[in-house]
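Look at the two complexes coming up: subunit A is in both, with subunit B in one and subunit C in the other.
Here is the complex of A and B:
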């Protein structure tokens, strides 16, 4: 089977009385997919499910067309980097990656070659012969990433992979995710850092209390949130006049001159009508418009609208 | 939606046989043990008894040594009891080793949530347990049945005259008796390690299961005027099973140090059943605790 998707078909997982995730239907395509949600929303449960570490109470999961009942095939295609700093005692970075490649079934010479490649990809070649216990938090995070991708998985599941990384390492790691995504791999990332999720992701999955609240490209998700007026920033030469004209319309909830005096921040219930109106104003009054851009179609805004500031479903 | 070129190519190189992968785990455990001076010293000390027993076997068949010792034959009878004593002593040493090494096998992985490292691979829970257990199986084999069988072969070669053929039961008893003990103690050490997730506590619990349960068994027997309490006494259970393996007619009290044999107290089949029940309980605990992800309740 060459189906390039990770499919959750009505999947639920309960821990006794406690809900992990409920009625999840997903079809995840290659690229970088971010799982976003507050603590306890089900992100790690979803990751554990797609890596076969726990079984669904109900429903079915297929990874690239493979059932998780066939772990020998599935685990060759999946690499998992957990959020925990767990390393066997007394191993160097090199030994850490190398030994788990042997567990994977690689022969010694191949395992050595792949280990060196993995160390190189996370810029850890020079530190490979040092004990993991002596690594900084950022180095440990990178060596975990290296062990997750060393065997060349097509699906990378990374739980909070940017934690503990300094800005430079974050930028490098994000570039790595985008490169992996660009190669046609699935890179599933969970993160609390919403502005980074925006930069990384091709699509997002928003979770709250074990339910998938929204999924897809973030602009698409935002446009589906009808009960929250869209925010649009219009950069122009006469913001006061524009604000007055816009405010005459019913669908415009708010029109506020921007703090720098060079634009208007508009909240509207009907973005399409606003764009038409804007065209008319430009034609009628000769307004010079420099830029028109949505101001709240990022993950942070969508998260606030759908999940709420405290992490409870809005 | 982005359109990606499928430039990614997965690993398609050669693979090792699936059955052999569990042996990666003991490799690193042995390396870590080798760094412990205490462990190395202890392991060397455990080899003293087989050496002494070997010297006895050699002396028994060497005329000049016998003359030096007074010229009488039969220094020590090389029979089932001789081998049972060796097995008893070495098994006691193996128990101490298991209490030292066993708890460190699984508890750190559980305490640090490291199991996904192993189990998010083509590597099953059974292989993980087998890999961790093989550390104990290999070390305790080197201490128990391997020297036992080497001594058996030495005695056979020195005695000649079909001694080996006449005493095959001893060899089988050494091999089987040692393996029962090795499996029992390994499973107990791993199960306790998985249960408490804390290395020192797991070591202490292993001693507790052995000695406190023996005391409790004695108390039950004394209060209820019965011998069924001995079903809680692991040394009694294993001693009785060994006695049946070596020779049912052996005297009461045969064995070494804390493996006292009381063949008439509790039927042998009950001892077998109790040992199987303990192993089953250990497997149940391991099955519950060894999971790829912590189950939240």
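Here is the complex of A and C:
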């Protein structure tokens, strides 16, 4: 019963003939764990399985040693902030959290105390007496987060929790996740934006088409990515000339004029050298550079590096 | 299961959880835009009998005839249509509406036994249904003969009127108990409640023609035995009114409660298998 892990033992889930996740074996330790993958990769399926909202077609899942067949035990220790932007009608933010704490079986005074703490945790105390239906998207996201955390779960599962949050709320929320992870709780966060989660994660699980394609410490996964050439898009007034100049260099693997004819797409093994070279070309030739931006810092590119352009499991 | 296991169960926790779920569910069951047609089913007979009360004095009929007409309204409208379809609307939607509104997961993510959740939702639906249809039956009964003034008061307070009204209220309540359990189950098992509702309706109407054993697996079989006033119907409609196997009232009540408890128990067990998958 004191097993501190979340364990997936050869878990598969199919929706009819459609694959949700397949042959997943995981052992998730406390700390912040990020599930990363594009839409449809199986992140939400994995989270729904982890919280018993759906059952595995095959395999077994245990959360802190507990079977998900007994929700009355599991959900004292688990909180889940889903992606669904829907709420019971006619409730204020306070009532939303308070009512479900009562459904936990808490007495009124305890539920009130925890509700106030939860509202305070997400800076929503002042808005607690307003109807949830009148909240902005960011506020709805925060009240869902507060509700998932209100009973102090050991395992907090969060599906795209930063969606709709303004930069200030994002920073506060990330700090909250780090604090909870640091306290020895499991904080499982899903995201399709890699750079968003690599700041906060102790470990990442990369998913593609229902398969786990990489897992482990974030540095390890990133180093795999760093072995690959980076793609950089340079927007400029003379792309033909720039491509010719860049291609002379060893670290440049590929330089081609962009399809719209207004820039060059460069693949390089050394981004820092490329930036220095670009400065020199600008000085020498008077090239007008409009923008320079990485073209492959999204998770789709990471997949391509890790598992090839087909995106299938290795 | 022995007594010590029963007493060891967390009854206090379940009582608190039932109260908390009732608190959330009652508002939804009683006041909902989705339930507009249930309000019409409830208010229809009240308005009609109210109208009758206003116009009744000049129509030259008797109090006994009014009672007979009300018995007909109760058996043909309340039991066969109003309560039946009202319960389809209320109980089928206890889980189904939450799937449509994408809010069921909030219940599934709290540490409450699914059986406790199902029973609590059923209780909320039952309270709403009894308020609607028990209230409607009582008000309709009163409005039907109110225009008789002192004669009706005498009939109600010193004659059999109050007892009759009590039986109507009890029968309406038991109809909600029975149909409520059936339609909670169909709401848990099926996505579209209208198809199983149609099947149940056919089954209920076939009751007079079923073998004796199968008759007992229907709600109307027990309810008919609780209707003490025979309504004189001719032709095919007579099948609706006739009681083919008269059963003592206590046995009918007990039988209905047992059948309802079995159906509710099965629905609660099925609720344990429910998954949240709104997009499917």
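Note that the second predicted complex is superposed on the first by the 223 of 314 C-alpha atoms of A that agree within 3 Å, B and C clash if a C-alpha of one lies under 4 Å from a C-alpha of the other, contacts with A are read in each partner's own complex, and residues count from 1 in each chain.
In the analysis below, a contact is a pair of C-beta atoms (placed from the backbone, for glycine too) under 8 Å apart; a residue touches a chain by one contact, two chains touch by 3 or more.
Quick caveat: nothing in here was measured; it's all calculated off a predicted structure.
**Q** After the match on subunit A, would you call subunit B and subunit C a fit or a clash?
**A** Pair status: clash.
**Q** For A:112, select first, second, both or neither according to whether it touches subunit B, subunit C, the two together, or no partner.
**A** After superposing on A, A:112 lies clear of both subunit B and subunit C.
**Q** Look at A:258 in the shared chain and tell me whether it touches subunit B only, subunit C only, both, or neither; answer first, second, both or neither.
**A** A:258: touches no partner chain.
**Q** Which partner chains sit in contact with A:130 here, subunit B, subunit C, both or neither? Use first/second/both/neither.
**A** neither
**Q** Let me test your reading of the model: by the given contact rule, A:249 touches which partner, first (subunit B), second (subunit C), both or neither?
**A** neither
**Q** Just checking: does A:192 make contact with subunit B only, subunit C only, both, or neither of them? Give me first, second, both or neither.
**A** After superposition on chain A, A:192 lies in contact with neither partner.
**Q** Once the structures are superposed on A, label A:54 by its partner contacts, choosing first (subunit B), second (subunit C), both or neither.
**A** Both partners, subunit B and subunit C.
**Q** Looking at subunit A, which partner touches more of its residues: subunit C or subunit B?
**A** Result: the larger residue contact count on subunit A belongs to B.
**Q** Kindly classify A:89 by the partners it touches after superposition: subunit B alone (first), subunit C alone (second), both, or neither?
**A** both
**Q** Looking at the overlay, what does A:269 touch: subunit B (first), subunit C (second), both, or neither?
**A** In the superposition, A:269 touches no partner, neither subunit B nor subunit C.
**Q** A:182 in the overlay: touching subunit B, subunit C, both, or neither? Say first, second, both or neither.
**A** So A:182 only meets subunit B here.
**Q** Once the complexes are superposed, what residues of subunit A are shared between the subunit B interface and the subunit C interface?
**A** Shared contact residues on subunit A (touching subunit B in one complex, subunit C in the other): 15, 48, 51-54, 71-72, 75-76, 78-80, 82, 84, 86-90, 99-100, 102-107, 147.
**Q** Going by the contact rule at the top, pick out the subunit A residues touching subunit B in the complex.
**A** Where subunit A meets subunit B, its residues are 4, 15-18, 20, 29-31, 44, 48, 51-54, 71-72, 75-80, 82, 84-91, 95, 99-100, 102-107, 110, 114, 147, 151-154, 180-185, 202-203, 217.
**Q** In their complex, what parts of subunit A are in touch with subunit C?
**A** 15, 48, 51-55, 71-76, 78-80, 82, 84, 86-90, 99-100, 102-107, 147-148
**Q** Flag every residue of subunit B that touches subunit A in the complex, lowest number first.
**A** 1-2, 4-11, 13-16, 18, 21, 24-25, 27-28, 31-32, 35, 108-109, 112-114, 116-124, 291-293, 295-297
**Q** Residues of subunit C touching subunit A in their complex?
**A** Its residues touching subunit A are 13-14, 16-17, 19-21, 23-24, 27-28, 101-103, 105-114, 275-278, 280.
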